[in-house]
Amino acid sequence: MSLKENSVQPDASRWGLVRRGISSGGGSRLLWTVVALLVILLVNRAISPTFFDLRLVNDRLIGSTINILDNAAPFVLLAIGMTLVIATKGIDLSVGAVMAISAATAVMLIRNYEAGATEFYYQPGFVMLIALAVGAICGLWNGLLVAFFNLQPIIATLILMVAGRGVAQLITNGQSPTFTDETLAFIGRGVVFGVPFPVFLAIGVLIVVTLLVRRTALGLFIEAVGVNDRASYYTGLQASLIKLSVYMLSGVLAALAGLIVAGEVKSADPHTAGLYSELDAILAVVIGGTSLLGGRFYLAQSALGVLIIQALLVGLYVSSLHPTTNLVVKAIVVLAVLLLQSPEFRQFATQPFRRTT
Amino acid sequence: MVMQGQDKTPLLEVRGLTKTFPSTVALAGVDFTLHRGDVHVLVGENGAGKSTLIKVITGVYQKDAGSIVLDGKSINPQSPKHAQDLGISTVYQEVNLIPTLSVAENIFLGRQPMRFGMIDMKTANRRAKQLLLDFGVDIDVTRNLSAYSVAIQQIVAVVRGVDLSAKVLILDEPTSSLDRPEVEMLFSVIQSLKQRGIGIILITHFLDQVYEIGDRITVLRNGHKVGEHQLSELSRVQLITEMLGKELSHENGVGKAKSNQVFANPFLSVKGFARRGEVEPFNLDIQPGEIVGLAGLLGSGRTEVAHLIFGIEQNDGGDAYVNGQPVKLSSPRKAIQQGFGLCPEDRKVEGIFAELSVRENIILALQAKMGWFNTLSRSKQDALADEMIKALSIATSSADKPIKELSGGNQQKVILARWLISNPDLLILDEPTRGIDVGAHAEIVQIIKKLAQQGKAMLIISSELAEVVDYSDRVVIMRDRKKVGELEGEDINETTIMKAIAAH
Amino acid sequence: MRFAKLALVVSLLLALVVPFATAQGGGEGLTIGFSQIGSESAWRTAFTDAVRAEAEARGINLLFSDAQQSQENQIAAIRAWLAQGDVDAIILAPVIATGWDDVLEEAQDAGVPVVIVDRNVDSDPSLYVTRVSSDFVHEGRLAAAWLVQATSGNCNVVELYGTVGSAAAEDRHAGFAEVLGLFSGMEIIRSETGDFVRSNGKQVMESFLSSEDPANICAVFAHNDDMAIGAIEAIKEAGLVPAVDILVVSVDAIPDIFDSMDAGETNATVELSPFMGGPAFDAVVAHLNGEELPKQISVGGGLYTSRAAYDADR
């Protein structure tokens, strides 16, 4: 063993921070994710010359870019929870159903308030807390099945994914109830400094969760459990509690996303609220570079993944393509983004050119 | 015992078999001879080449050089199926039959008797029943295989293998999960196979069973054949000497000076500690600053003892005391809270977090002990990692390098460092020097001694006798899942250890 | 000349509007089995409730079976009713169109008449009495006709499509486009799917308003009321006045859309009637009385521009 190798360079660790941000997993991958987003935005601009235009109407910014951010907000919340769950080698298929349950709970409760009920727990603020608590309970259920009864995550969360919509329908009695309370609606449709409130909410949650996992050891614990479950047991980590907590966080964030969607249109539709949104959330996490095999995770990049999907969707809205082509175009673009990020593919694609030079 | 053989032509003859993998020579010119009606036992410690030899014979791997002759004909098995067609069948420890099919269906799977183009289940059932009766096993062959014990399942696998007109039957650790009556049942099946002239290759770790059922034995070590014997002519001590690769010296070798420390109170004391089916009740005291070696052959229960003490498996009998106070060692976390640390045997699966950095691997156990909110600052982490990298001479270009990019010896040092930064009172090291190069080996032995001098209690499992003799103040001997003795001070040398392992 | 063509089409269409099949009553003492698809939407739930209420009002003993989206469950329920021999007739809301021949023949052999409601079956019409349903193409035509009339045949329309591939979305679009095609001044300038979901309707409308000059959008046609209500939110957020700056017409006639009309934010809706129970029971009674019935009875399909008009028709 050479001594030279052992000597620690004084600034190696400082540079390590920077290098890790750029190189590992993120690396060129982060760069290519940003490139993909920019390309999609530029294509949108080519399709619709007014794409980047913003105008102020009644103190509210109107424009496609704002629409992308607004539409992305609930998915960013789902993707944050999903990223942490996936980092522990899990998956949460139930987030869409939890959105429906949370929205249904909040709307049914607030209707009592609107009907004149004065009990404190019908106050809008409390209603929101109750909806979030319901999300936490859903997450607790998933977490117990995964962490303590050792069910496969995909099966454990599938149970709530299927049954959850039934629960939401029971809560609303099969109807799609509406409400008028502006406090509750603010979560989904409020405007602050001209920008929709959900955008601030999503950015705020992203920052808080990032600090929570990166400024404490929680993030490291989550990665350790995802990388090697057995070794983390041997190391004294409480893998079960860690898993339980990420599923609970995922449940709470799904409930918050449910409140946004309910607030946006002042109603809760138990049949369609959050339908298939778990799949878009998983897709965003994958585009962001977190491996479905668990381990290293990248919260901000998952949010970028959401923006890519929403930019694509808004691009389809402003295009004149017939709606029947939407899914095919989406599939092709997502495939292109994933290939663009793959070093193997980039090498494969550029090989013919390299050989000639 | 039927001693057919020596003068007749061998059933299976392997000459000069060589198999190399990118980093290691797994078999170096090994010879192996199996006669009809013989049970030929194959022994050796981990990495000796047993499983490579079997895999080449059964076509899982292709040989690099050498010859395999079966029944006078040179063969070159290309796949397990090919080997089976040639007459070589294998029964693994984990039975690879289909639990949801009936016993008869399992025996005839893929070659069911046909009648008018239909599977003739009646004939199949009758024949399966008869086949099993031939071996003295009378069971309902129409029930699902999963309804029966592992022993019966193994016998079904044997019967299936033999009925595939096997000439050679390989049994890979068939008894490791069986209790005594089941072992006897399996052995009676083996006896009747011998009488039919089938040659049997048996891999087992149980010395008693080697002598009970075996006719001949081949000892492998580091890819070389180190001996082949008629078992009736081989003493246990000779066998163990060969397996561990040590010469028996008649004087007691270099005895150890008795440690001059006075041990008043043991740090850890366990009484009657046991777990059914894994370790029989044992007592063990470890003093601060004392190194206790745990010697025994593979499968003797060494690792199981470590797992019980560290709470990985929970004891179902006995009590544990730390500094005289009773404690429950119900999980690694509980053990860690008592000041224990463990470097596991299987570094890859149980030790390292491959994708995480060296620094993260080092601080994980300490951070886990502190809890997630009481976080080590980044500068503190860097300081701890750098300190350990220096103290243990861990060869890495940066503390932020993923640990998977380090060599085995350096990975082992990282796992040691993981425990050292939390300043444990008891360190359990399971094969700390396995699979690492000579230089790192010596360094780790030095570290072990230094840690004991610092007053840590150490429990060390190793197959390297010289190493055990070198650092141990006391050696606990394990055999067949029992603690069978203890050696202390001047009594510790390779000869006494081997004799203790062999005694019966 | 041009006005003549317009007047012709409009009068022709409005002639079709006359709500058909008003409930006659009768059927007291009958036992009728009703196999419903499930409860996948609020409209479906309203449909079930309406059938139950109608049965109760008429003194019909209704045996209800919720198939939870499974044809097997529907067939099993029908066979159970036939085996018990205690139903006078069966009303079937089929989950899919194919695979009904055997069980319909069994019902015919047992002498139990079957009335199909809502979605269609592809079996031979001789196997059932009649089908009571909405006509989606007609709904689309009607919405278009109203729009042509309201804008004198000059309007750039954005369309909020339902779920791509569903009969309701495809047929409403076809009927709407068919009528618009007759007028050179009428054009669908944007068409995107909102999957019949309120929040998606809002998002798609937001995109239209961002990418088009809002002054260039004269009306929005939504394939259901939920998406229309979402779109109205988007129009208001963009600082425009719904039903004035941008006309709003949709299909379904759910209660929420009438609240919106009361607020002056929606112009018109075409009824997708959940009240299929009455006509279906009438068909059973008529059949048992030996009357010949057409194989298709359309319900609903009225276009309403106010709550009062809707209530007057009930």
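Order of writing sets the labels: A, B and C. Residues in every chain begin at 1.
One rule holds in what follows: a contact is a pair of C-beta atoms (placed from the backbone, for glycine too) under 8 Å apart; a residue touches a chain by one contact, two chains touch by 3 or more.
A quick note: this is a predicted structure, and the numbers were derived from the prediction, not measured.
With chain A excluded from consideration and all other chains held fixed, what connected components does the contact network retain?
Leaving out chain A yields the groups B | C.
With centres defined by CA atoms only, which chain is the most remote from chain C?
Computed centres place B farthest from chain C.
Could you say which chain's mean Cα position falls nearest to the mean Cα position of the entire protein shown?
Given all protein C-alpha atoms shown, the central chain works out to be A.
Suppose each chain is reduced to the average of its Cα coordinates; what separation in Å results between chain A and chain C?
Roughly 36 Å separates the two chain centres.
Distance from the CA centroid of chain A to that of chain B, rounded to the nearest Å?
46
I'd like the Å distance between the centres of chain B and chain C, where a centre is the mean of that chain's Cα atoms.
The separation of the two C-alpha centroids amounts to 72 Å.
What residues of chain B sit close enough to touch chain A in their complex?
By the definition above, chain B touches chain A via 310, 312, 331-333, 336-337, 342, 344, 349-357, 360, 364-365, 367-373, 375-376, 378, 382, 386, 389-390, 393-400, 402, 418, 439-440.
Which of the residues in chain A end up touching chain B in this complex?
Checking each residue of chain A against chain B gives 1-2, 5-6, 8-9, 12-13, 16-17, 19-20, 24, 215-218, 220-221, 223-224, 227-228, 230-238, 295-296.
So in the complex, the part of chain C that touches chain A is made up of which residues?
39-42, 44-45, 161, 164-165, 190-193, 195-199, 202-204, 206-211, 213, 226, 229-230, 233, 237-239, 256
Which positions of chain A touch chain C when the two form their complex?
Interface residues on the chain A side: 48, 50-51, 53, 57-58, 60, 62-64, 66-67, 70-71, 169, 173-176, 178, 189, 261, 264-267, 269, 271-273, 275, 314, 316-318, 320, 322-324, 326-327.
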